[in-house]
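First subunit A sits with subunit B, and in the next complex the same chain sits with subunit C.
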Partner chain A sequence: MAKKLKSPKPLTFVLFLGPILALFLFMVVLPIFVSAYYSFFDWTGGKTMNFTGLANYMELAKDREFWMSAWNNIQIIVLCTIGQVGLGLVVSFLLISRGLKFKEFHRTVIFFPVVVSAIVIGFVWSLMYNKDFGLVNWFLTLVGGEKLILPWLDNPSYIILTVSLPIVLQFVGLYMIMFMGAIKSIPDEIFECSGLDGCNELQKSFYITLPMIYDTFKVAIMICVSGTMKVFDHILVLTNGGPGKSSQVLALYAYNISFDRMRLSYGSTIAIGILVLSLLITLSSRAALGGKRYE
Partner chain B sequence: MKRKISIGLVLCLSFGIIAAGCGNSNVATDTSTSTTESTASASSAAPAEKVTLSVFGMFNTPDADANLKSFDVMKKKFVADFPNVTFKEEQIPHDEFETKMKTYAAANELPNVFELKGTMIPGLVDNSQIVEIDPIIAMAPGLKEGYKAGVFDDFLYKAKAYAAPFQMGNNHNVFWNEEIFKECGIDAFPTTWKDFLGAIEKIKAKGYVPIAMGNKGKWVAESLIYNTIVYRYAPVDWYLNLRDGKGAKWTDTEIVEATNEFAKMAKNGTFNTDMNSIDNIQQCTLYYNKKAAMFIEGFWAVDPVCAEAPADVLKATHIAQFPAVEGAKGAGNVNQAAAGWGWAVSSNLSDGQKTAVANFIKYATGVDYANLVVANRGLPASKPTKVDKASMPALYSELLKLNDESVFAPVFDVQLAPNVVDALYSNMQELLIGSMSGEKYCELAQIEMDKNKK
Partner chain C sequence: MNDAMKAANKRIVDVIVNIVMLAFSIFCIFPFIWMFYSSFKTEAEFAQNIIALPKSLQFSNYAKAIQTGKLGFYSINSLFNCIITVTVVVVIAFIAAYFLSRFSFKGRNLIYGLFMLGMLIPVHSLMIPIFMQFKALNFLDTRLTLLPVYISFGLPMAIFLMESFIGGIPVDLEEAATIDGSSMLRSMFSVIMPLCKPVIATVVILTFMGTWNEFPFALILVKTDALKTIPVGLRNFQGAYTARYAQFMAGMIVALIPVIIVYALFYKKIIVGMTAGSVKG
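Entry: the complex of A and B
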C-alpha cells in the first residue's frame, strides 16, 4: 500500500511561500500601482509634481511614436512566436525521434543560450552582424555570396527581421525543453498501438503527439507572446532603437522618455499602456487558440 | 524550539530583503560600482569640523583619458590635504552615469557633488535640487579668476551658472590620414568646401571610406558633424536667436540647405554604410586599419589616438576642420566647443560641507588640475600655468593650434532642451539613410522647439 503523503500545515505554506510572495508583491505588483499613480501627474523627478488628471493618457492615445513602437512589438511577437515555438516544436520532435545521434549534445547546445544574459547575446550578435568584421558577412564571402553582403543593422526595411533573429535563436531551447517534457509524458502504449495499426512517424506526430501536447503548446505561445512584449535588452544593445526609430519597441520607448527626456510621469503612462496592450494581446492569443483541450 | 528558530530566520530573511529595497540608499554605500572611501588621518591646516562629502562622477572608463588621469591625482591630493573630510566617491562609466544620475534626481537622493551637463540643469533647478555655483566658487580663493572665458555658458539657466566646468574644447576635429590623401592625389587638406567634396570623390574612387562614422549612440553625427555644417551655412547669431526665441527657426532656408547638404554627403557614400550600427570607438578602428581616410571626433579623442593608433597611422594623422562653404553665410573657422559636463552641488548642504565642496571643486577644476590635464593631452576649463611645449606630441600641438585659430560657438545638444535634442539625434539616423528629407528633419526639430515655448 502506497504511503499517503502528509498534507502540509498552513504555517508551512506561509513559511515557504511568504518570502517569495513578499518579493513578488514588492518588486512586481507594487511598481504597477506606483506607475499608475505617477501617470496622473506631470513629474520630471524631484519634489515638484503637478496633478494633470488624464492628460498623459490623452497624449498617449495620440502618440504616433507609441503606436509605431507597439507595431514593432507586434511584428517581433509574430516572428518570435513562429520562430521560437515553431522551431522548438520541430527540434523537440527531432530529439525525440529514433534517428538522431548525440541527442544530449544537441539538447545542451540548443538550450545553452537560454541561460545567457540578453545583453551578452545582443553584443555577440552586434559583432556577428558587423559589416566589415562580422561572422555573417565573412560566411557569405566564404560561400561566394558577396552580393548578399549588407549592413544588417542599418536598413529599416529589414531591421525587424535582423533584430528578431537573435531573440528567436536564444529562446528556441526553452520551448524545445517544454515540448520534450510534454511529449515524454504521453504514454508509450498509445504510440505502440498506433504502430501496430500501421501509423508512420509523421502520422504519429500529427495525429497523436500534437493533439496530446496542445495544452503545452498554448502555454508556450502565451509565454512567448508575453515575454516578447517586454523585449528590451537585445534591441538596446543591437541598434538602440535605430536606424531612426525603426526598431524601437515599447519598453525602449518608455525608457527613453523616462531617462533621456526625463518625463518620468509620461514614462509611467507608457508603462501602463504596455501593461494594458500586453494583457489584450495575451488574452486575444488565448482566445484565438481556443479553451478546449483535445481529448 | 528548532521550528521556532527556523520560522524566525525565514521571517528575518523576508523582511530583510524588503527592507534592503526600501532603505534610503546612500550613494556611498553602493558597492556595485567602483566605490572608494577614505578618511585620511594625517593632520594639516584644514578646518577641524568633520564632514562627509559624497561625490558621483564618470571618471571610470577603461580608456583613461586626460580628465580621468588628472582627476585621479587631484582626488588623492584632496584626500591627503583635507583629513577632516570623509571622501565617499562613486564613479561609473559615461553611458550608465547619465541614467543613474537621473535616477538619483528622480528619487531626490542626489550626492553632495556630482557631474551633469547643461540640459539637465533646468529640471534640477526647478525642483530646488542644486544650488547656484558662483557662491561656492567664491569660497575658494583664486578659483574664479583661473577659468577661461565663456566656460560657464553651458551651465547657465535664467542668467545664473549651476556647475563648475573642468574641460573646454572644440567638438569638431577632422582626423585625417596624410598618406591616404596623397595616395588619392590630394596634397593638403582642402581649404574650400568644393575642394573638400572633390577630395571625398577621389578617396572613394581609391576604395577607401572617406569619413568613418559611428553613430549608433545617435549623438556623433549631430553633435560632431551636422552642428559644424550648420555653422558653415549660418552665422552663430542664428543659433543664439533660435536658442533665445528671437525669431530664428530650424526651418530657415540656410538650415534646410545645410541639412540637405549633410544628407547628400551620406547618400553619396561619404560615410561607411554601417554608420548607424557602429559606435564612435569602432569608427576609430576603421581609421586605424586604414580603411577610412578621416574620422571626426571631439578634442578628447587626441589622447586615445596618440595611445592606440598604429605608429604609421599616428605619424600620418593631422587635425583640421571643415572648410568654409562658398557663398554661404557661415564662417570657416567657427567650431562648436563646449565644457559639456561640469560639477554641480546639491542643495541642503551644511556650511562645513559647502567649504569642503568648494575645496573639492578647486582641486577638480582649478589651475593645478588644468596643468595636469595639459600634461595628459587634454583641454581644461581653467588656464594652465605650466605648458611644456617641447614634450608635446605633434598631434596635440595641432589640436592646440586649431583651438587657437577657431572661433568657439555653442554646441546644440549641450544647450537645447532634451526633447529637441532627442528629435535631432533620432531623426538624424533617418536623414542619413535617406528615409527622411532635410525639410522634414528641420520641421520636426522646430515642432519640438515650439513645444517648449508653451
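Entry: the complex of A and C
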C-alpha cells in the first residue's frame, strides 16, 4: 500500500463522501431492496396493495415465458461470446501480422460501432434485414444467392441468430482492442527467440501468444457474458421480442410485464430473478474459467 | 521447401489476410456509410435503387427530421442531460476518488467495493424499482428526472479510473503544499485536479457517450414529449414514419453526429478508457 496523507477530521469525510454515497446508495443499492419488498405484494400501481407472500415467486418458478426468455438470454450470451471474443481474437491476431496494410483504418472502423448507441445499431440492422430495401438481400441478389433470401426477422427458428449478429458486430472492436493491448505487452524477446528456434507465425500464435494472453481472454469472456446478459435495446428495436415471443429476453419481459401489463409487483419479482440469474451466470462463468481474479 | 517458395507462400498469405481484413472492415462500416449517403436521397430514388448514390442532395430530409420528427429539441434535451451529468460526475467522482485514494480510513474498502459493485449489477434489474421510487417521490417526468440516474451509473467507472490515476501521483506534492500553508481543499482542487487532466478527459468522453446513447431509463422515466431524449425520439420516429426510409436515416445521422465528432477527436482516449474500465469488469 502506497504512502497515505494524514487523515482529516471524521466530519470532513462525512461532508464530502456522505452526499455522494447517499446518492449512489439511493440509486443503485436501495432499488434492489425496493424490488425485493414489492415482490411480496400484488400491486398494479393503484391504491390497493395486497401482501401475497411468496405467491409471485411461485408464479415465477412456473412462468414459461420467464424461463423461455432466460433461455433466449443464454443462447444469445453463448453466440455473442463465441462471436465477439472469437472474432476479436482472430482480428487482433491478423491486425498485428506484419503483412497487413491500413492497420489504423481497420482498427478505427472496427471499433467505431462500440461507441454507437444500441438503438441506432438496432435500427441500422432492421434496415439491413429489410425484405425489399435491405442490404443483406441486395447483396445476396448481387452474388446470385437469391435462394438464400429469407424473412430474416420473421422466423422463430433462426431469430436468435439474426438478432445476435448485430450485437456481435457491434462489440468485436472492444475485444480486438483488449487483445491487441495484451499482445503488445508480451516482451519482443520471446518472439525473437522463438523465431531463431524456427517457429513460424502460426506456431508463434498458438504456442506463445495464446498462452501469454490467457488472462485477458478470461476477463474478456467474463465481460462479454455479463455485458450480453443486459441485452435489451437492440432487441426492442429489431423485433420487440417477436415473432411471437421467440426473441424475447429477460429485460424485455420485465419491461413488458411492468409497463405494458402494469404488473409492477410481478415485474419486481422478475427484476430480482434477473439479478440472481445474472450473478449466477457471471459467477459460474468466472468459476468455470478458474484461476485468480484479474486485477 | 526452399527460400523462394517460402517467400512466395508468405506473399500469398499476406494477400489473403489483407483481403479478409478489408472485407471484414467494410462489412462493419458500410452500413453506416450507406445510411449516410442514402439519407440524402428522395424516397422514390431510394425505393428504386437502394445502393445507388443520390442524384442530388436532399437536405430537406434533415430539415424534416429535425422539425417534423422533433429531433431538434430531442437533441437539446440530450445535450442538457449530457452537460449536467458530465460536470457533476467529474466533480463528485474526483472528490470520492481523491478521498478513497489519499486517505486510509475505516470503511474505505467497503465504500470502494460498493462503488465497484455498481459495475456488476445489471442495470436493467434496477429499471422497475427506480421507476417505483421516483413515482413515490413524484419525481417522474421532470426535466431533472434522468440526471440522478445517469450520474449514479456514471460514477463507478469514473471513480475506478480516477482512483487509480490519483494513486500514481506522489503524495509529496500535497505534503509540500500543506507545508506552504495550502488547505486540503486547495491541494485537492488546485494541485491534484490539474494533474488529472488526462483521466478527466477520458471520464468526460465516456460519460458523454454513455449519457447521449442511454435508452431504457429515458424510455420508462420520461413520458412528456418535450422532455424526451434522442434515442427515445428516434424510436417514435420509426413508428410514425414507417415508409420514409431516407428521412429516417437522416434522423439517425443526426443522432450519430455528436458521437462521430467525439470519436474522431478522441479516438485514442476512448480506447484507453473503455479497455481500462472493462478490465475491472
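Following the convention adopted for this analysis, the second predicted complex is superposed on the first by the 262 of 295 C-alpha atoms of A that agree within 3 Å, B and C clash if a C-alpha of one lies under 4 Å from a C-alpha of the other, contacts with A are read in each partner's own complex, and residues count from 1 in each chain.
Operating definition for what follows: a residue touches a chain if its C-beta (ideal position, glycine included) is under 8 Å from a C-beta of that chain, and two chains touch if they have at least 3 such contacts.
None of the values given here were measured: they were computed from a predicted structure.
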item	value
Subunit B versus subunit C as contact partner of A:23, first or second or both or neither	both
Partner chain in contact with A:223 - subunit B first, subunit C second, else both or neither	second
Contacts of A:156 with subunit B and subunit C, given as first, second, both or neither	first
Superposed model, subunit A: greater residue contact from subunit B or subunit C	C
First (subunit B), second (subunit C), both or neither touched by A:86	neither
Contacts of A:243 with subunit B and subunit C, given as first, second, both or neither	first
First (subunit B), second (subunit C), both or neither touched by A:259	both
Subunit B and subunit C contact sites that coincide on subunit A, given as residue numbers	19, 23, 26-27, 45, 132, 259, 264
Complex contact set, residues of subunit B against subunit A	6-7, 10-11, 13-14, 17-18, 21, 98-99, 102-103, 105-108, 120, 123-124, 126-129, 216-218, 272-278, 282, 286, 291, 418-419, 422, 426-427, 429-430, 432-433, 435-436
Residues on subunit C engaged by subunit A in the complex (per definition of touch)	10-11, 13-14, 17-18, 20-22, 24-25, 27-32, 34-35, 46-47, 50-51, 92, 95-96, 99, 102-105, 111, 114-115, 117-118, 120-133, 135, 148-149, 151-153, 155, 167, 171, 174-175, 184, 209, 212-216, 220, 231, 234-235, 238, 245, 248-249, 252, 255-256, 259, 262-263, 267, 270-271, 274-275, 278-279, 281
Partner subunit B, residues of subunit A touching it in the complex	11, 15, 18-19, 22-23, 26-27, 44-48, 126, 129-132, 151-156, 238-246, 256, 259-262, 264
Subunit A to subunit C touching residues, read off their complex	1-5, 7-8, 12-13, 16-17, 19-21, 23-32, 34-35, 38, 45, 91, 94-95, 97, 99-102, 105-106, 108-120, 123-125, 127-128, 132-135, 138, 169, 172-174, 177-178, 181, 219, 222-223, 226, 229-230, 232-233, 237, 250-251, 254-255, 258-259, 264, 267-268, 270-272, 274-275, 278-279, 282, 294
